[in-house]
């Protein structure tokens, strides 16, 4: 899983510090022992966050052992036992809230993504996310979108260039801007132009943009514009990938199916992250020593 | 505002690094200049996050100036201009997404809190949050709850002790656990007992707990139990604060009004944080130089 | 032990970096081998710091093994072998100074606390610490006070509110300040008022403070004031905890016994931390290979 | 300049700490005053590092003022005064070595890049760098390559996928690997295949790779292969960018001109970074007070 | 002052975080305004810590202004007004405890050092500190020793080599160890040998050690040994510095004067740091607005 | 090896983050398995960096095992297998570039140092480095100089004082400056004077400097000056170390042999670090499972 980056441990320490701070006061009242518990889903959905649950608990104690009964991205029903865990009581109590908070949040996103994707089934159109993510959780929320079946858009301002209205206005127009960027950014980085009019879109394709984002355009207009853009980019039957990526945004989720029929490659939506709510998981302890 | 802690700047750097990473590629295409913009609400709600918006932009450039047209915790209608901002174009473009993401998320929480509080109007019962918060944003999400009119529960495991079922089972019962804690935790920290039965609740009060949390108890049972607990704790007309804090949790939001009538002090709910969605704000640039 | 927080490892790295910096120059002159040593007390006292000694050495090498011959908070005589240690020579030499410095300092505090507590034996009054702690060691020095038998006051500005003279002067008086705080701070956080006069103390109790701190008041005055405050707070025979916490401060250690007789709950003193000196421990190596 | 990222200040602190550590001992011997100096080139070359020189000195004192007499990427002769600086003597002495070390290193890279680019003049072929960069200086060394006129390859393992021999062997072949990646990586990230044979290169283009890297292939072979790959990718006269990026690597710098004639888009070389040496700059103080 | 290193700000953030944590709860009760205060000494002593007081408050608010009425290292009487401060009420309240804690601790060390130095007046012998310092405060406590008139020994394991009994036993004897170190450590680093016998001391000088530390040797023995060592090292009337540094340790403070007469260069003592207690300073607010 | 400091792991995390960032995209295409590889030298030279290679890979996975076939500082021929490694494919691919980059850079420095030392063979003169090191790699590049047979000069501004022209001009002359420093810096720190004239050099020795650096002086002048300085410092046949360290700098490497004959102790040169280039190492995978 390529979200396993060197900075994940720093995030986990931040989360642990946030909850445990100067120490778990209540843990003083218990006698340390090895205990076991299950995590159970109280709603159906799509699971996401298992590797992080493992990392959080093992950061607290190397003695914690977890057995997952579900895979990342797998659908589950209410009542499903998601995992079995055992380890020192203080570690399980200290990590419970953080681990569940994260998995409940990420599974909520994965579930919302999967639901939206039902609308796109069979269309060949991909659902992509946006940079509207909770500060501090970009990498993980985008991972949750992938767990739900979506595709990630750029991860940040540094791995693709996207010329928006203001860049164009404050720079020197679409053509000149693309030229400047090609000389300055890594050749491996794509250039996308967010177009507000058909003319801008056509100019972007003609000037060599890798992708064009058509924002809040009416469905009818897209019906004409997209084939025109494809023509300008000139298809090549020998290559599987299309030569210009056409993305639309600003679509109401209820109309997503209709818009998919316009021939776009990608529909971007922030809804799986900004409009989803947490799933409900619960940790149930088995109140006897296991050791 | 007491969320202005020494670690806020570290969080902001984390958020900026997350989005900007190795550098904003697209900014190369623009000619640096001073520009201005408004942030506009596209939905009605309760505002939260202004001081953070300011800090985020000023971390990017000391030249950024912001004029807020709304206070923290203030209700606004759709279309409201929330703030006017001006500063270097690169700073505004780089900070826009992070600042709005945060404010849209926090305002969503404040709005959900305020809505739930309507149910408690005139009851004298307080709405409190829980430790179900997005990892990395505990302090800020709890601040948003306050902006919406709620009261915070403990901030973490370190500023109050809460004996739950497992602490009691793995320790030596309620009385002994309270005794151990009183000797070990700061005298300024309260001890709360989460009770699953009336007997546990009564024992908690008798043994000197500062608060008792009645989880998922039927309304009828509360009607009998709460006066009994109050009696055990013995009210004192000379003091304004009640002598035992009685909190209930596990209430369906739709029944919150009915439960408030049982005489509890506090109703805790994770819903304003876990079940809320983002409000929609938009930054509109004025496309002419202001300098 | 609830000082085992996520930030302890960061502190240990800071301490190690402070002493080892760019590397232990002298270690180049030795041939690495497994060696063993004892740590011996050269004075009697109360031991504190064992878990930190272990963490410091194990941060330097996972091969270090330590066998403690004394418990935290245990009294020992001069000459006592406190622990046996073995591990790589370079790790033992690099960690020796840091580990001993910490334990000698903390044991000095635990010992001073225990000595002061002799004055309170049988009185039922608790000795509490203050926020006068060495910068960077708050958590550990307060842990040492607990090892010596004391109780901690609030750990920082964030886990209880304490209205002092200036807060009252710059706010809107005691009653209004308490009201504002109750609406703003977590319900789990106590509110204490530092009173300089009997009137302030009475007002604090009447307005619902959780505790009142009587600073530098004459013993005779306390004899009258304390029962009055208890009366205002109205005792309740069914609850073990008293309803108002009364704390006194500014007491000369030599008079502590007399003041305890006034019926206070708590006497706070910074002396165990600010007026104590280090105990003397020594590490004695067994100069033969053990491996 | 898009290397101005949130982490630059952390790097500067690391560099300052490395040199200044526990404090500049010698500074005790001077009387603090405002002094001025010039930085002079003792060799000709291409300048790089000005913004970092400014940041390093201003991190030490806000009173430092620098006037640059040269632009980033500008050619200069030996003897050129690169900048004038004035500020507190202790700040100039403490920052001198770090600032010059960095600029001399980066200018060495920019100069070596510019020299290699002379071989490509008029060919339309771009020179790109590699991931062979000094640990800790990736962003800055790649910035120096841009200052010298080169183009950056991917900045790290996270902003483009490159299938090498081992990925192909340990995965499921070129076609399947591209398919897996398209579903998993951001749609904005390019996929490049490093081909060791003509067959692999053709397969990569046919399967939809965005770029193909031909490693250590003989010039004659490239003469045939490149047009074939272009044909497979199907040129489109309406678009300025070519449809498949063809890169070659493993070229001896002395043959770079000949290889450029094969019709490739990009020639990658680590030499400007790994085989360059530092330029020589000197800071000359004006030994009188300026304030 | 050469303790102004890049890592001081990190320490200050650590201290602030330790006290302020999730936010100063009580500050909510006050109305922000500019206030002023004095810091007054309640005991006589030697002052140390002014620059740190300034840095701590200015880290909290750039509006804080401080006027020191005393210099670092200056003696003062009880009642002395050490400084005048004004700034935002919340900043003064939040920084008060941390700033005073530090200055009270450091001034205690400076005072103890100055007192011990009275014993050495007129002897030409220097008092030096040791590596027995409070973890996290090495740099600052050693600075306090300088404020009191002492000289620092090595700052850590990395800026001088000191061969102790175990290094010699686990290496290959004094001569060989010095030879190994000379080849491995910076030529600017001194080599010191801790000698337990006269023979070891003589060998250390003969083999070229820069300094010799005579630990716990009787005064009479030193009377003979020191001239012998000086002879071996051969004095040179043209140079002011002596050719071998002779240090003694393990001296009871009460005998320090007698030992100074033996002709040593340096007497090392950990007592100013490990056996000193805090001075008492108090911040007195002027309870009216100054703005 | 005394470069094994507490901050090495932080550096390694910085390097890993720099390359891996948000995750290794390409690793998604492979099936995780245990693989093995060799690292082979493609040029002859002196090896340096083995312990760091080990640390880098083991930071990525505890399962990585490395068998070195060469020692630090050992000469090798082209084609030499430097090490055998096996471990998880993703760890080997992720660490390959960083580990090799570092070792190729450090081995380049060690090799250049060793080559320059050939000029000094049999002269008894030591080659020392300078503070001209790549920002962020001071400790490691100086370690590479030691691997090549050189001696380190001071590691930073904090472990020896060096009075240069400007310190002398802005202070109060050589004699006074040395006096001030002796009172302020640790007694274990040496004082060196950089002399531009014979008079300055003589004054430095007379006033008690530990070393004198003669910068860019003609060979003939040194022939007279050095014996004069030695005379001033007065040699002592009983001690092996000379009483004044005489260092020369600014020597063209081609003349180093001639200058060594002047009787200096040390010749300093930045060339092994600033004028060396990387050696070429290659990792060759064995493309079959080993597990």
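For reference, chains read A, B, C, D, E and F in written order, and residue numbers begin at 1 within each chain.
Quick note on the criterion: a contact is a pair of C-beta atoms (placed from the backbone, for glycine too) under 8 Å apart; a residue touches a chain by one contact, two chains touch by 3 or more.
This is a predicted model, so every value here is computed, not measured.
Comparing the CA-atom centres of all chains against that of chain B, the greatest distance is found for F. With respect to chain C, maximal separation of chain centres occurs for D (centres as means of Cα atoms).
Taking each chain's centre as the average of its CA atoms, chain B and chain C sit 31 Å apart.
Between chain C and chain D, the centres computed from C-alpha atoms are 53 Å apart.
As a whole-number value, the distance joining the C-alpha centres of chain D and chain F reads 25 Å. Among the residues of chain F, those in touch with two or more other chains are 2, 5, 20-25, 27-28, 139, 155-156, 158-160, 184-185, 189. Chain D makes touch with chain A in their complex at residues 2, 5, 126, 128, 146, 151-155, 158-160, 182-190, 192, 205-208, 210-211, 232-234, 236, 238-241, 243, 245, 265-266. Touching chain D in their complex are the following residues of chain B: 13, 16-17, 20-25, 27-28. Looking at the complex, you find that chain A touches chain B at residues 11, 14-15, 18-31, 33, 35, 89, 93-94, 97-98, 101-102, 104-105, 131-139, 155-167, 169-172, 177, 180-181, 184-185, 189, 274-278, 285, 287. The touching residues of chain F, counted against chain C in their complex, run 2-7, 139, 155-156, 159.
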